[in-house]
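Single-structure report; data block below.
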Amino acid sequence: MDFQLSDDQRALRAGMRELLTGRFGRDRMRAALDAGVAVDRGMWGELGAAGFFALRLAEADGGVGLGLPESVLLFEEAGRVLLPGPLAATHLAAGAVGAVKGAADGGAVVAVLDEGRPVAHLEAADALIALGPVRPGGVARVLEGDVLRELVRTARPVRSLDPLTPLHRVTAGVEDGVPLPGATPLRLEGALLAAAEQLGSAARTTEMAVQHAREREQFGSPIGAFQAVKHLCAQMLVRAEVARTAVYAAAVTADPAEIAGAKLLADEAAVHNARDCLQVHGGMGFTWEADVHLHLKRAWLRAGEWLRAAEAEEALAADLCRVHACDAGDL
Amino acid sequence: MDLADTDEEREFRARLREWLAAVLPGLPAKPGPDDWPGRRAYDTAWQRMLYDVGYAGLHWPVDAGGRGATPTQHLIFLEETERAGAPYVGANFVGLLHAGPTIAAEGTAGQRARWLPPVLRGDEIWCQGFSEPEAGSDLASLRTRAVRDGDHYVVTGQKIWTSHAEVADWCELLVRTDPAAPKHRGISWLAMRMDAPGVTVRPLRTLAGSTEFAEMFLDEVRVPVSHRVGAENDGWRVTMVTLSFERGTAFVGEVVACRRTLSALAAEVRRSGRWDDPVLRRTLGRLNAEFRALWRLTQWNVAEAQRSGGVPGTGGSVFKLRYSQARQELYDAAAEVLGADGADLDREWVLDRLTSLSYTIAAGTSQIQQNIVAERILGLPKGR
Amino acid sequence: MDFQLSDDQRALRAGMRELLTGRFGRDRMRAALDAGVAVDRGMWGELGAAGFFALRLAEADGGVGLGLPESVLLFEEAGRVLLPGPLAATHLAAGAVGAVKGAADGGAVVAVLDEGRPVAHLEAADALIALGPVRPGGVARVLEGDVLRELVRTARPVRSLDPLTPLHRVTAGVEDGVPLPGATPLRLEGALLAAAEQLGSAARTTEMAVQHAREREQFGSPIGAFQAVKHLCAQMLVRAEVARTAVYAAAVTADPAEIAGAKLLADEAAVHNARDCLQVHGGMGFTWEADVHLHLKRAWLRAGEWLRAAEAEEALAADLCRVHACDAGDL
Amino acid sequence: MDLADTDEEREFRARLREWLAAVLPGLPAKPGPDDWPGRRAYDTAWQRMLYDVGYAGLHWPVDAGGRGATPTQHLIFLEETERAGAPYVGANFVGLLHAGPTIAAEGTAGQRARWLPPVLRGDEIWCQGFSEPEAGSDLASLRTRAVRDGDHYVVTGQKIWTSHAEVADWCELLVRTDPAAPKHRGISWLAMRMDAPGVTVRPLRTLAGSTEFAEMFLDEVRVPVSHRVGAENDGWRVTMVTLSFERGTAFVGEVVACRRTLSALAAEVRRSGRWDDPVLRRTLGRLNAEFRALWRLTQWNVAEAQRSGGVPGTGGSVFKLRYSQARQELYDAAAEVLGADGADLDREWVLDRLTSLSYTIAAGTSQIQQNIVAERILGLPKGR
């Protein structure tokens, strides 16, 4: 056992952080926000060139040939900087060989259709993955071309809570489209990638709160010297670190119950930390200019995607019913 | 990131399982909770068995008589013994996990030779005399005084929360040797014989009704100066080595046990026909996520310690904050599962619910732990 | 509207506090604890003489002729000092004229049988009230004499979590015994009286925590000067005060939903405050010598009596479905 | 303890209901949220209607032009107007609830005559210039400076969180008149004309996307000394009179509205067929207990104020702590009820969820409120 990042993993993460800092720093993020442009095709291509989407595609198929743990590290970085766009869906589409042309190199934008939920980034999408039902074995499908165009034509825009995640209501069902080859557990992998983004957001809001608590002075000292603020920050770190090990372990094992747990805890960490970050920032956190609301809104949205709390808890409850769950050697 | 055993670890685990399967069925019945001599005999006999096959002092350095095992092997040992239902470290706890490692790290060659082998063999039992009624969270404000008298210290004061005091041979004792120095600078670490004149032990009853702890009254107890480990007035630093050990793998067995409890709760809910209540079901599901994550956090902390050469990181405080809360939530859920039987002390889990209340207090309250996390990990300013 | 205690109510409360301070001060409580004697017949008689049980019995029937608000004030005082015994049941039995002889003057001890739950103070009881089901209109019955003796004979003692509340498991059902005259809403009134005891306990543990926080010094100052402790105490007060207005208002209106809300919030306040009181006390709170565990154990027990959280929440949910609940003028 | 209306209160309530039923249907359509002139016109027209029939300044003292109503009558007024869906106090808020009562309590006869009648009639609108970016929770550390120049103060500085600044005629302003004095002792209260040279207002966008607040930049604004209320450097005390008003009955309408929202949520759950989910059902049930209790706590605080002659007690902090949390829980529950529609800003409750986030921050953060409760009510020591 060596449940720590390898040197290669550290290097991968550092590289992605560098790319995102240069390509999607705070100014760029704010510019995208003001312009109302969530998916920047140029950036999408750069992400593709950096292997963001093809990371898990076999090298023989032109991919990077890495695994879920590496994907999770990249998505954590994306979550830190509030990188918009249907990252997980495009990544998943790139992994399923040939499922969507151009997904692997960032030439295509692939969004998700989850029945009953609004579709994010529909107008930017070159393809849609329609998820099967939550139960295992559900078949996912790909919607492209005319099917997609008809779906876009009849879609109704939704005024989105998250200004960098445009939403549409669509009427199509998941029976349309071409079935994806294999029984890829897309929903679970999507849930894990979303959990990684939540983790990145939770870690980032912790840093933002700590930085503010160090700098902001009230009553003659930095507010971080007051226990009330100190303990808010400590609990933020605890949430982020517990979520981190849950997400990393789920990436290593790819166990469905472990993924459900990772999504549940990462959702909680992202939402709760964004709220506490807002509380630490006080009035300034309530302004549009502060980034904290963008983390909270994105966290709320992502908590509703792929695998929601009620579904995760049910899956985790069912997991307890496996005979001798604790003695099966998978602890 | 790798969660699988290495070949060496797999081999270690397999041999341990084999040995446990062979010896556990032959163990005598566990003594009752208030049978202190019986508990000492049971716990030390188990320690002797471990010693004889080479599992004693697994995580101790080789030159202290230990096996120099990796933190991961130690983790595997704790995990497997818990899963097999082997005896706990019990009365050997302080010797193996506090006093012993302290002596190994800070003692002279003579002190190591005198005190360490009996701990490993289960021949001698240690208890801990750190806490005091007035000190509490502010441990370093302890008042028990040691006055030099020739080649002895004369020790007077009061200690509290001492486990196994009734049956211990030795006590690792923190005393104030310089009342004029700043509080952290005037403390010394002494090994005190429990049968020394002037030592009085009084059982302390907890809210669970048990006498797991004791108060210890010290009235001019003479302790040889040669029984001091480390320099005079350097006892605080000496002790911190010990305390960081406590936060390393101290809860491994408990997390495994909590996961077993959770499965048992789910089974009980199904048995009682309440599995169709989604409130109960989702509560258990959430706790499953919680304890799975705590297990992974344990592995993460152990792997980190292994990389850093055995030094436990600050992850211990993060773990303890979350675990102490999760454990209380687990037994609240157990009370929900028990329903009308939740007030029956003879039902499993009811007493555990009571003892779980100490987890946010003992070994650093959650308030103190949050200060540690905020100041030492996050770098927030001290004070206020 | 004058939602404050009247002078008479203040005097009544002060009188009961004086009686209990003299008759059941901490030393007496601890002596009862050590002796394992929960119901002291002498004290029961004194409570009876003071009108504790006959408070709501009409003056024409030899009672005091007061109402639920006054009962609630007395039960709050009882909860403060951890007064043991089946207070609510005896009080209710005294109110239902002639239901149990001697209940009004403290000559009889009346306990409760709630199907499926252990019976508190069975061995001391001269009569049992068997509660009907939780749904409205359930008939309550009285068990005395041979029926009661047979029930006691076959009962199995339970090692009780609360050392001042002995428990027995019984096998009898609620169909036995003599139906109580009228459709007295015994369960609701019992729930309200138990809520009042919980309120008293929650207020008392707040005081205990505050007192300890003022006196205990750590790190060179009273621990109450630290925000972490300060804020624990503040939240304890908030819980107690919110529960107080809920309990008092429910006593004034006797509205079923309001009683359910009062029980729910008072249970939470009592349990949560006892826990926080323990946390403020640190290690000393974990000892048998500190009273805080007695408050916690009693609070846990009472939370399981009369109306439990799940039942209260369901009743309160159903209440939301009444048409125009908020416009019916009962706000 | 009595929750029923007295005869007088019943009469008051009945007449108010009758009047509301008569006039509300004839009101014009509500202006949009960003139509500031329209909002001012709408709000002041309503204030004028109240004035004409004698409901304006209900809780103001009679000698200030008010009706001298009891706190309970004020409560009934707020309750009934909310239940009838009448316009909110809106742009008249600061004049009626902060600046007006301050001038009534601390102003000279001339100041009262000049400023109070236009507030009651809805002729003049006030805004509040208290908060500053650097001051935050530590309001008294404000830095906006007023330097005496003959019979004027010359005011320079920056204010924030000023509602209705764009349409206000006057601003109640806190300024530092003695920089050398301890922070609470060097503050004065001024009435500043919003059209004075040097006043610049910039809308402040909140996380909800709205511009409900503004920043105000003051560059050598000349304010006549005669516009100071109270003594020079006594502004902190003068202001506290105002702030305690804010915490009295400020949330009455909101609690009524929250209870209506809760019923609407239950109706929505039944409509969508999810009433058979006990998790959702019990969540709403629990919130029912919460908001029923908060309503009773409001009545309790009002009755207490009535007994003590109109002075609001410390119950305001207790109420605000619990209410701000309950309001956030209510809108979290709303998000659960909305499910997939929870991200649609056009759905009811979604925007309210965002604005509810300010409740634990504005008008004293929950951390500050807990200090107040601990120190002023419970008597715990200051500091640390």
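Which chain is which? They are A, B, C and D, in the order written, and residues in each are numbered from 1.
Keep in mind that, in the parts below, a contact is a pair of C-beta atoms (placed from the backbone, for glycine too) under 8 Å apart; a residue touches a chain by one contact, two chains touch by 3 or more.
Note that the coordinates shown come from a computational prediction; the quantities given were computed from them, not determined experimentally.
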item	value
Farthest chain (mean CA position) relative to chain C	A
Comparison of C-D and B-C (more C-beta pairs in contact)	C-D
Chain C and chain D: spacing of chain centres that average the CA atoms, whole Å	39
Inter-centroid spacing, chain D versus chain B (mean Cα positions, whole Å)	54
Whole-Å gap separating chain A and chain C, where each centre is the average of the chain's CA atoms	50
Junction residues of chain D, two or more chains touched	278-279, 282, 367, 370, 384
Interface hub residues of chain A, defined as touching at least two other chains	226-229, 231, 310
Residues of chain D defined as touching chain A within the complex	131, 133, 136-138, 141, 160-161, 204-207, 209, 279, 335, 339-340, 342-346, 350, 354, 357-358, 360-362, 365-367, 370, 384
Residues of chain A touching chain D in the complex	116-118, 158-163, 165, 167, 216, 218-219, 226-229, 275, 278-279, 282-290, 292-293, 296, 300-301, 304, 310
Interface residues, chain A side, partner chain C - complex	226-228, 231
Chain C residues within the chain D interface of the complex	1-6, 9, 69, 206, 210, 213-214, 221-222, 224-227, 229-231, 233-235, 237-238, 241-246, 248-249, 251-253, 257-258, 260-262, 264-265, 310, 312-321, 324-327, 331
Sites on chain D touched by chain B in the complex	277-279, 282, 384
